[in-house]
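Below are two complexes that have chain A in common, paired first with chain B and then with chain C.
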Partner chain A sequence: MLKPIKLFGLFARISILNEVQYRANFFLQVLQSSLSLGTGLIVLSVVYSYTDNLGGWSQAELLAVYGVFVLMSGLIGSLVLPNMWAFMEDVREGRLDFTLTKPEDAQVLISVRVVAIWRLVDVVLGLIVLGVAITRMGLEASWWLAFAFAATLIMGMVLLYCVLLLASILSFWFVRVWELMEMMQSIFQAGRWPVGIYPDWLRLGLTYLIPVAFAVTVPAEALTGRLTPELLAGTLLFTIVALVVTRLIWKWGLRNYSGASA
Partner chain B sequence: MSTNSITVKDLRKTYKVPEREAGLKAAIKSLVARKTKDVHAVDGISFQIEPGEIVGFLGPNGAGKTTTLKMLSGLLYPTSGELSVAGHVPQKREREFLQQITLVMGQRSQLNWDIPAIDSYDLYRAIYGIPQEQFIADRDKMIEVMQLKDLVKKPVRNLSLGERMKAEMVGALLHQPGVLFLDEPTIGLDVTMQRRIRAFIQEYNQRYNATVLLTSHYMADVQALCKRVIVIHHGKLLFDGDLTQLVERFSAQKTLVLTMSDMNGKTPDMAQYGTVVTQEPNRVVLRVAKSDAPQVTARLLADLPVTDLTVDDPPIEEVIESVFDAPETSE
Partner chain C sequence: MSELATPIKPEPRRFGLRNMLTMYAVAARQAIIEQLQYPAANMMFMVHILIEPVIYLVVWSSVATSQGGAIGGYTAAEFAGYYIIWTLVRQFNLAIGPQGFHWRIKEGRLAAELLRPVHPLLPDLGYYLGYKVPQTIYWLPMGILLWLLFKPEINPVAWQIAAFPVVLMLAFFVRFFFMWLLGLVCFWTERVDALFELYFAAELLFSGRLVPLEVMPTWAQNVANFLPFQWTFYFPIEVLLGRVDLPEFWPGVLAQLAWIAGGYTLVRMIWKLAVKRFTAVGS
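Moving on, here comes the complex of A and B:
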């Protein structure tokens, strides 16, 4: 159980030490992240210049949703997505063979390889936005809130990991699945608003198909005191099911894998 | 302690390949009812390799070499047949088995191109659980032998092909595997680099009594490293035995090189003795059928003022080529 964490630590350290050499990337990321944050905030303020309430969410609460969205984008962008791109490339170029001849679980190996540290800029920005939102809401800190928020955030990350890995696994059959990954990233953009404001069919899709609801809205609900213990339990159950299903499909995909030149 | 032997019994791998005719209509039809065709990539081969042997695995492109290597390293499930490598069944991919083997593919890199090789080595240390002291000693020794020095600290993408391959070999052997599968480890390298890689493989083989199965298009590799060769063609075993026997068995011709003393400007008609490869005033190279060689030699010695005569086998490349060019007759 400890070895994956140890491996992740080592992979992360090596990634970070090497990325640090390219400082220009850091400034580019800061620029890009700030621009996108600025646009997001402007849109938010425009919306609230017409109304005080959007689907039951006040402006400060919506700022919290946006903060979670930025935070989650940063986490996924630095920890999950780069691994998925690397994995798909390995399948395409037949390099996965090397991973499969290692005496370690291949899913673990392909999932912890890369950390894109500069994307952590979004994590920092997201935390700042969240801080401002929490102050504006006049939220009283409590252990339950902190725990519920952290737990839902982690589960949201795990769910997004599952969905992104499932999409990547398709590369065992269809060598090019980039478009699908791009599409999912666009859909994820819908998460900047609480899913409750969307029509039913879209909300269902954003909950179970691409779990944007679990990844962004639920942690925001936890933070704003909307989370019930039932919803927390349901999220946990859904996360476990998703992990198990992903694992099974991974194993199935692996059995079908035969190498690019075979 | 498991031995490093390899046993292959009646190994087969059949791929189902979708088959469809050209055209949109056929494409739509194939969505519903897919026609498939069986391709026998490996079609019933058997061999046994003892611990410490270096065996050359030869065959033209598409003969089934890589497919066999992939099955031996546990990457592909055999369609049928029995496999045993270092006492394990490869396709079960047990940790103890994976710990025992290594796979090197000259066409692909297992090192991460964005980071220095030495960092990748660290990752392998963690993945294989190599004891720190042994790891550092082995790594530094191999880096020295390969003359890599500071190159391992540069991102792999900045290395030349030869340097990269040397770094790959080091990375592939850090966990002291007992069985090595080397698929074209010297492809595209210059002669000096090829020699260095060869020497490295030989040294490793001797030190650890490791078993090596090697494919290469360079006969120099095979001649330098392998006493024994296994030749496959169209997924079937064509030859398994000593390299010298291979030449013996598959070359139907001998090369005669004769040097003559001055013939006062006369040029004898050499075509009556065999196929003339080159003819200079005093030196002639002839190609004759193997069975005719003794008789032709005797006639040459009787007819001409021969000062020197040698009988050679044709170069091994040509022998191999002639084996592969031959139509599929050996069943």
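Moving on, here comes the complex of A and C:
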């Protein structure tokens, strides 16, 4: 259990050492993230110039949803997505063979290799937005709230990791998987709004197919005191099932994989 | 998606109008053949494009419903109509993205394209015009599905329906030239992501892509009048929605033509400067 964490730490250090050589990229990322944050906030303010309640969420609560969305985008964008792109590239170029020959578990290796540290800017911005939202909601801090939020956030991230890995595994069989990844990233945009506002067919898809609901709405529900213990338990169960299924499909995919180079 | 694989055979002597048309036809056919090979990938690309307006549609129709039925003169059903036409307009105003341009300079593809006897803009134009054919084919089932799911309301009269394809094509040309212009920035700098982000944020807010311009705050509507964006989304959508009358229609078409002329002139001017800067290594 400790080894993957140690590996992650090691790879993260390499990524950081690599990236701090290019400091200008940090400022450009700050600029880019602020632009997209600003656009998002303008959109929110246009909606709230017409109404003060969207599907039962007040303005401050909706700001919290948006904060979680930005935070989650940053986490996935820095920790998960770069690894998936690298993995897909490796399969295409035949470099995966080198990973497979290493003594450590291949799924762990391909999952922790890259950290896009500048994308962590979004994590910071998301936390700031969340801070503002929490102040506006006049929330009373409690251990239960903090625990529920942290737990749902981590589970949401794990679920997104599972779905993104499953999509990447398809590159064992198909060449043009990037369209699928792009599609999933744009579906993730639906998380800017609480999934409750979507029609049923879409909400089901956003819950089980691409777990935007678990990744963004549920943590936001935890923060705004909407989370029931049943929902928390259900999320935990779903996360465990998703992890096990992903692991099985990964192993099955690897058995079907035959090296392209070498 | 934006790649041109087979080079067009250069004619030794004159590059007349006829060769020009042949070249467009070849580039267009290539786009059609290339894209029809990948139905699954293209369907996914379609979902990728469609999810955006569906989100706006849901948000704005629920806002309209909560405000007693209509905001900015749009009912929930009219919002549905707006965003479903949006998806069709989006198919047609799709042009080479600045990312594609960036890729082609970075990979050294442009060097080969520069060797051809035609301006690289022209095969691009042919390719993206041809691309409309598979795009429309892939769009149809999605469009029908959205129509059934969201029950839109649109009220165009005959001339508006007839005029729609024209303004749709003009919208493509406006967007094509400005995307190309944005792509040209890659001749000067590698760090283009923040600039692209700014451009797309502006397009989102001032084109009617996010929401019909009447619904935007007044300051945004005023800014939009000085930018080309509304002629690529808002105007064609409104025409088919039946909300543009003749007195607004002709000035709109003129504005589209003016932006096309402006965009074209700018592309020509900046292209000349850009090519002077360009040095290729290898390939």
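As a convention for this text, the second predicted complex is superposed on the first by the 260 of 262 C-alpha atoms of A that agree within 3 Å, B and C clash if a C-alpha of one lies under 4 Å from a C-alpha of the other, contacts with A are read in each partner's own complex, and residues count from 1 in each chain.
Rule of thumb we're sticking to: contacts are C-beta pairs under 8 Å (C-beta built on N, C-alpha and C of every residue); 3 or more make two chains touch, one makes a residue touch a chain.
Every value quoted in this text rests on a predicted model; they were computed, and no experiment measured them.
Novice: Could you classify chain B and chain C on chain A, in the superposed arrangement, as clash or fit?
Specialist: fit
Novice: One more residue to check, A:Leu202. First (chain B), second (chain C), both or neither?
Specialist: The second partner, chain C, only.
Novice: What is the C-alpha-centre angle with chain A at the apex and chain B, chain C at the ends, nearest 10 degrees?
Specialist: In the superposed model, the angle at chain A is 90 degrees.
Novice: Quick check for you: in the superposed arrangement, does A:Leu139 touch first (chain B), second (chain C), both or neither?
Specialist: A:Leu139 contacts neither chain B nor chain C.
Novice: So, does A:Ile128 touch the first partner chain B, the second partner chain C, both, or neither?
Specialist: In the superposed model, A:Ile128 contacts neither chain B nor chain C.
Novice: Would you check which partner chain A:Thr51 touches, where first means chain B only, second means chain C only, and both and neither mean what they say?
Specialist: Only chain C; A:Thr51 stays clear of chain B.
Novice: Between chain B (first) and chain C (second), which does A:Leu170 come into contact with in this model arrangement: first, second, both, or neither?
Specialist: Neither partner.
Novice: Per the contact definition in the header, classify A:Leu243: touching chain B only (first), chain C only (second), both, or neither.
Specialist: neither
Novice: Which partner, chain B or chain C, touches the larger number of chain A residues?
Specialist: The larger set of chain A residues in touch belongs to C.
Novice: Pick out the closest CA atoms of chain B and chain C after fitting on chain A and give their distance in Å.
Specialist: Chain B and chain C, overlaid via chain A, are at closest 10 Å apart by C-alpha.
Novice: Touching chain B in one complex and chain C in the other: list those residues of chain A.
Specialist: none
Novice: Hey, which residues of chain B end up touching chain A in the complex?
Specialist: On the chain B side, the touching residues are 15, 41, 66-67, 70, 73-77, 93, 95-96, 98-99, 101-103, 105, 108-110, 114-116, 119, 122-123, 126-128, 155.
Novice: Spell out the part of chain A that touches chain C in their complex, as residue ranges.
Specialist: Against chain C, chain A makes touches at 24-25, 28, 31-32, 35-36, 38-39, 42-43, 46-47, 49-51, 53-55, 176, 179-180, 182-183, 186-187, 189-190, 192-193, 197-199, 201-202.
Novice: Residues of chain C touching chain A in their complex?
Specialist: Residue positions touching the partner: 38, 41-42, 44-45, 47-49, 51-52, 54-55, 58-59, 62-63, 66-67, 71, 149, 191, 193-194, 197-198, 201, 204-205, 210-211, 215-217.
Novice: In the complex, go through chain A and note every residue touching chain B.
Specialist: Residue list for chain A touching chain B: 6-7, 10-11, 14-15, 17-18, 93-95, 97-98, 100-104, 109, 255, 258-259, 261-262.
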